[in-house]
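Lettered A, B, C and D in written order, each chain numbered from 1.
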Amino acid sequence: MGWFESGWGISLIVFLPLVGAVVVLAVPKAQEELQKAVALVFALVTFGLSIVLAIQFDYGASEKIQFGTSREWISAIGSNYTVGVDGISLPLIVLSTFITVLAIVYSWDHWPEPHNPKMFLMLILVLATGMVGTFVALDLILFFVFFEVVLLPMYFMIGIWGDRTEIRIPVIGKVTEMRLYASIKFFLFTLFGSAFMLLGFIALYFRSGPAGDRTFDMVELAARSDLFTGSFAFWVFAALALGFAVKVPIFPFHTWLPDAHTAAPTVGSVLLAAVLLKLGTYAFIRISIPILPQEALNWAPAIGILAVIGIIYASLACLAQTDMKRLIAFSSVGHMGFVMLGIATMTSIGLNAAIIGMVAHGVITGLMFFIAGSMSHRYHTREMSRLGGNQKLMPIMGAMLGLSAMASLGLPGLAGFWGEFMALLAAFTPNAALNAGLFRTLMVIGAVGTVLTAGYLLWMMQKVNFGEPRESWDGVDLHDVDKFEMMAWVPLIVSIIAIGVYPRIVTGATNGAVVELIKNAFGG
Amino acid sequence: MIVNQFLMLGAALFAMGVYGVLSRRNAVMVLLSVELMLAAVNLNLVVFDRAFRDELAAGQIFSLFIIAIAAAEVGIGLAIILLIFRNRSSANVDELDLMKL
Amino acid sequence: MPMLALLATNANQLILATEELGEINDGGLLASLAWLIPVVPLLAAFAIVFFGRRMRYKGWELAMGAMGFVGIYGIVLAFATMNSEITYQGAITMGEFGPLVLEWGWMVDGLSSMMYFVVGVVGSLVFIYAKSYMAGDIRFTWFFASFSLFAGGMLVLVAAPNLIQLIVGWELVGVASYLLIGHYWEDHDNSSAAIKAFLVNKVADVGLFIGAIIIGTTAGTFRFSEILSQVAAGENDLLKKFAFLGGLALFIAAMGKSAQFPLHVWLPDAMAGPTPVSALMHAATMVTAGIYLLGRMFPLYFVEGYAVDVRPIIMIIGALTLFLMGLIALVQTDLKKVLAYSTLSQLGYMVAAMGAGAYTAALFHLFTHAFFKSLLFLGAGSVIHSVHSNEMTDMGGLRKYMPTTFKTFVIGSLALAGIVPLAGFWSKDEILVSFGDASGGAANFALYLSIAGAFITALYMTRAVYLTFFGEYKGQGTPHESPKMMTVPLVVLAGFSVVAGLINMPGITAWFTELTAVRFTVMGDHHPTEINFVMAGLGLTAALAGIVIGYLLWSKDAETQQARDTFRIPVLYPLLKRKYYIDDLYMDGIVRPLRGPVARSVDWFNGHVIDLFVNGAGALAKFVGKYVYRFDQSGLDSAITASAAATGAGGSVLRLLQSGRVQQYAVMIFAGTVVLVAGFIIF
Amino acid sequence: MSFGDWIGQLENWIFAILAVGTLSGAFLVVHSRNVIHSALGLVLTLGSSAGLFLMLGAEFVAWTLVMVYIGAVIVLFLFGIMITRAPLGYESDLSHPMSVKVTAAIVSGSMFALIGWAFLDAFGSVEFPVAEGPTRTADIGISMFTNYVIPFEVMSFLLLAALVGGIVLARQDPEEVDE
């Protein structure tokens, strides 16, 4: 399959969903089943191609860019269509296409208001293109384009299909619908970060060499990392980090996340949590560290401290939540804190931990949002104080919620553990250039954070699952997990257990690439 | 016996006194907490006195002074509280906010 | 096979000798197939979840089969290991994290074989018992699934040849405990007890995480055999530097799982689970995981230059636990809670013995305690099953109705009290001797408290026996003896409680010592070569005194029994009844503030402070936009208005500072002082 | 000095008991919901610290503390409590609500951290010099009336002023009595 390896394969995975979106557009509005079928077929083929990619991938040389190609794109500024896959991006690509399929399967029978499946499916497919594109892009401008492509479908998803509860906006004091506030906040906040990020990209371009030899190519820039020094590098790193940090999100740039997750429709929350948050952390690993290694070391303590503050802060905020979906949303901040702690250690253990943490968070929190969505769909409330006895009313869903909570609190044997534990382990011996004492303190505080994490998840379980059901649910139709939910969730559960039992599924791809990356960036 | 075990005890006592002063509503309780702080200071003075083997026993003498002053302070303080109580029939500190605009 | 070092000790002193062991016996097929031991129960747990409901005995047969397999394999392995000194470890790679290779493995040596034996044999008996005990339960199948998950987790822990796998098993055990304590989750108290158990254990797990990370990272390997051989060789200075911290952190982990003061609070509440759970997990196996960890890492605490300074702490914590928790058992009216506090007290003996360097004695007590304490719990379960109440005030006179339960319970009580020649006597005696042999203030402290503890143990067990089995029956209905499936395990365990001590009598037999000494990093035993009559006499006298005084206090007729039950000593009684106020301290001091004001203030901060900037930026942009537009339309006039508005707004913010409240000013003064002084000190 | 050595000394056991007494008394003072318990907590604290002074060999200070404080000041407090009609039973109104307590705990905790850190930094594990017997009361007297005589006189004026002030403040005006 020569064509597959020469770049066509990746391009197909990136753009097939976009083609799918166009095809869905062409289907008449009344034929909903056909629209769903088309979308599902495109998503499945994309997922299949990504599996082929994973099979064809040469794991012995995972540090090499594989299946790559480079074509001229905007030659005026030297930006090329450069794509490729290495061990770091491979798991995330598979994750993205996998979650896309599940999102469409789940949507089959669960349509948020206003109905309009055609538009919704198109947005999911466009989102898929953006997500995978970000993970395969090796050119800064291309990366930026895909990074921004993701923004728009999500904005519409939240703004149109979101939660219509009226809220009073803090500070401004205006009363508006949740979905409008959340979508605008999400969009503007991210765009604010992206502006700085683009500034950073352009600054890198102009420093990358004499006129005529300038480049946006990530690999080339990483090779020229000696050129970026001094206060120039300091400020460029700050600008890039700001853009990525908003996306991750790192405390204190996280406040868009709880609102967006709470307001978004179920599928929107799932995609947001499972894949979109990973764009920021991935960019740290892919762009910041290789291109600006020295500044990465200078900034690492600050990132580490913010990550650990995020862990503790999010856990405490979770303890105060009464809304189940908002609680899960806040828990994402904490989990991404562990990922960022792993990255901040600037070691191969830490980066591996970060990637496995990203994948694990994707499947676990994705599942939790699916379940929370289905539950609020049935109970018509997300207030935990009104729920209770769910285990009795819907045993299978209760058990699945229990499993995902256990995975989320980092139970060994399930996926969440490795990211957390290995991040802590890496923090004990951070990069030789970093202050070990500081990171050891962070390790201890982060470990305490795991206790708080367990606390809020268990209390949530107690409020939602345990106890006797309330009388108010007596006559309500509460059917247990239906077949579409089953089809969407069982693959997630299987992957949670599989990654938990055999983390090599992820690290087998990433380890070689990470070790090489650390070696190139920091020497030794 | 190391010096620090006493000093740390004194510090803990002082911090608890501070906590009491800040968290109590009733003025009498605030005064009681102030006594804790004074007791902590006394303790540290005597410890320093003994640790440095002061010829003049200054630490002990000053702790005696503090005991005397504390007695005077309690007398005056309680008198003031009594007066406030008579005028406002309450000894809660947070109700004494006439100084506010 | 990695490098091996020989550590030999005699009774008092550790002599390091780095001579190579001769030929290692890797045990052949028997050991290389030992990976089945943890895997079979885990697979059984999965199978029960999916297929259990459709089977004839609703999944029990799968659980029983798995457990019986472990029991038989454990017996075979224990004898094989003792006879031919098998030391084997196998591993397969599960993932790579940079330089760190994650392994899943299994090991067979004396210590793990002993634990396989205990888990398998006690577990099988409890499973037989549980079928009858749990008959008719609405979640019968789920119960055995969780129980098998527990067995699998415990065996993963025991089989672990490295620290990371130990963590995996450790947490699996914790989650199984959570599931089983909360088995009757319809009741809010039960699910709260489950959460409490999980969270307290999670606090201790912070210690385990940190300890494992410190030890593993400084040693450069997570394998026990390699860490300990480095300890024996004494070459790794980095490990030496961090050994105290790592050892202390691991001990904190052990404190959580083995429920040592002040992390003991979860175990009494864990009695909310079904009784077989209490018998297997909260008496015989799960709570001994901490002792197992200390035993596994024993050379770290024993070799000079490493974590020896942790040992006095271990001894003091253990001694405090054994004494304070025994006292609480005296005022409990719930039969299971009496046994729970008794378990805490006995775990204190084991921990203190580990601290005193008595590796064999601590493990020996673990071994004997597993039998007689699970016997007592199962006996209590049999009583509860027929009386339908946990309260001893509803019992009494059961001797006539339940003869088998009565006899076996008395045997268990005597074994626990340490009456010669039952199992408890021999193991407790070895512990007392080890305190006498160890030097230092902490060992003396432990010795005195443990003799007092022996007295208290006998006292509360006598009380429990009299209140339950003598006098008049005070409950509802007519009690009856339990079915055969429940009494047979009782009789078997009673048999073990009688003979288990005989395998390690000082000067006569040393089979247990020989078994547990089979290790990669071999260490000598702490087995006294001849009986120490002073210590044996002291312990036995204390126990007999306890029984006699208990007889005098509680043996009278039915009416006074009730009155004497509450011998209310002022100050002491409320202190014991409220469990030294430790639970209240945790709830009011930590949990409630965290869940209440602290969490709410963080949430408030999120919505009002951080979002103040976010929304404020938005509002500012709109505001500026409006003024830019107006400026565009009407000129400079607006600038003046804006500056006036800004001044006014600033003033109204600053005005909040002047509240007129003296204590707010005091807060600012104190906080300012702290900031200024800290500033002066730092810069 | 390792923890094992430390705990092996008898005097440290005494210290530990007295320290627990001091701190638990102080805890009562700041936390009890019963006014009388708080006052008695202060007695416990001061009594235990008198014990600590005895351990340190400052006998005169110890006995002065017992006499002046436990003898006089506490009685004064009990009078004050009675006169202000502070409720004698349990009372939830004595402290501020939880939010204020949290602030107070943060401030006092950071103060403790600061002071404690400074002490640890300065003294480490310095031990007391070998005891040469308790301070003689005669030495204190000589020192007080030679080197510190002026502060002593100032003190006496202060006490006089406090005496007069206390009477003036607490005296009820004759007119009020008439009404």
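As a convention for this text, contacts are C-beta pairs under 8 Å (C-beta built on N, C-alpha and C of every residue); 3 or more make two chains touch, one makes a residue touch a chain.
Everything numeric in this text was worked out from a predicted model, so none of it was measured.
Central chain assignment: C. Criterion: smallest distance from chain C-alpha mean to the mean of all protein C-alpha atoms.
Each chain gets a centre from the mean of its Cα atoms; for subunit C and subunit D, those two points are 41 Å apart. Subunit A and subunit C have Cα centroids separated by 37 Å.
Subunit C has its Cα centroid 44 Å from the Cα centroid of subunit B. In this assembly, the C-alpha centroid of subunit A lies 56 Å from the C-alpha centroid of subunit B.
Residue positions of subunit D touching 2 or more other chains, listed in rising order: 9, 96, 100, 103-104, 107-108, 111.
Residue positions of subunit C touching 2 or more other chains: 598, 663, 667, 670. By the definition given earlier, chain contacts exist for A-C, B-C, B-D, C-D.
Residues of subunit A touching subunit C in their complex: 169-172, 185, 188-189, 252, 255-256, 258, 313, 316-321, 347-349, 351-353, 389, 391-392, 406, 411-413, 417-418, 421-422, 424-425, 428-429, 443-444, 447-448, 450-452, 454-455, 458-459, 462, 465-468, 501-504, 506-508, 511, 514-515, 518. Remark: subunit D residues 1, 6, 9, 11-12, 15, 19, 22-23, 26-27, 29-30, 35, 38-39, 42, 45-46, 49, 52-53, 55-58, 60-61, 64-65, 68-69, 72-73, 76-77, 79-81, 83-86, 93-96, 100-101, 103-105, 107-109, 111-112, 115-116, 119-120, 123-129, 132, 135, 139-140, 143-144, 147-148, 151-152, 155, 158-159, 162-163, 165-166, 169-170, 172 touch subunit B in the complex.
Of all residues in subunit C, only 309, 311-313, 316, 440-442, 445, 593, 596-598, 601, 663, 667, 670-671, 673-674, 677-678, 681 touch subunit D in the complex they form.
Of all residues in subunit B, only 18, 21-22, 30, 93-94, 96-101 touch subunit C in the complex they form.
Looking at the complex, you find that subunit D touches subunit C at residues 2-4, 7-9, 96, 98-100, 102-104, 107-108, 110-111, 114, 118.
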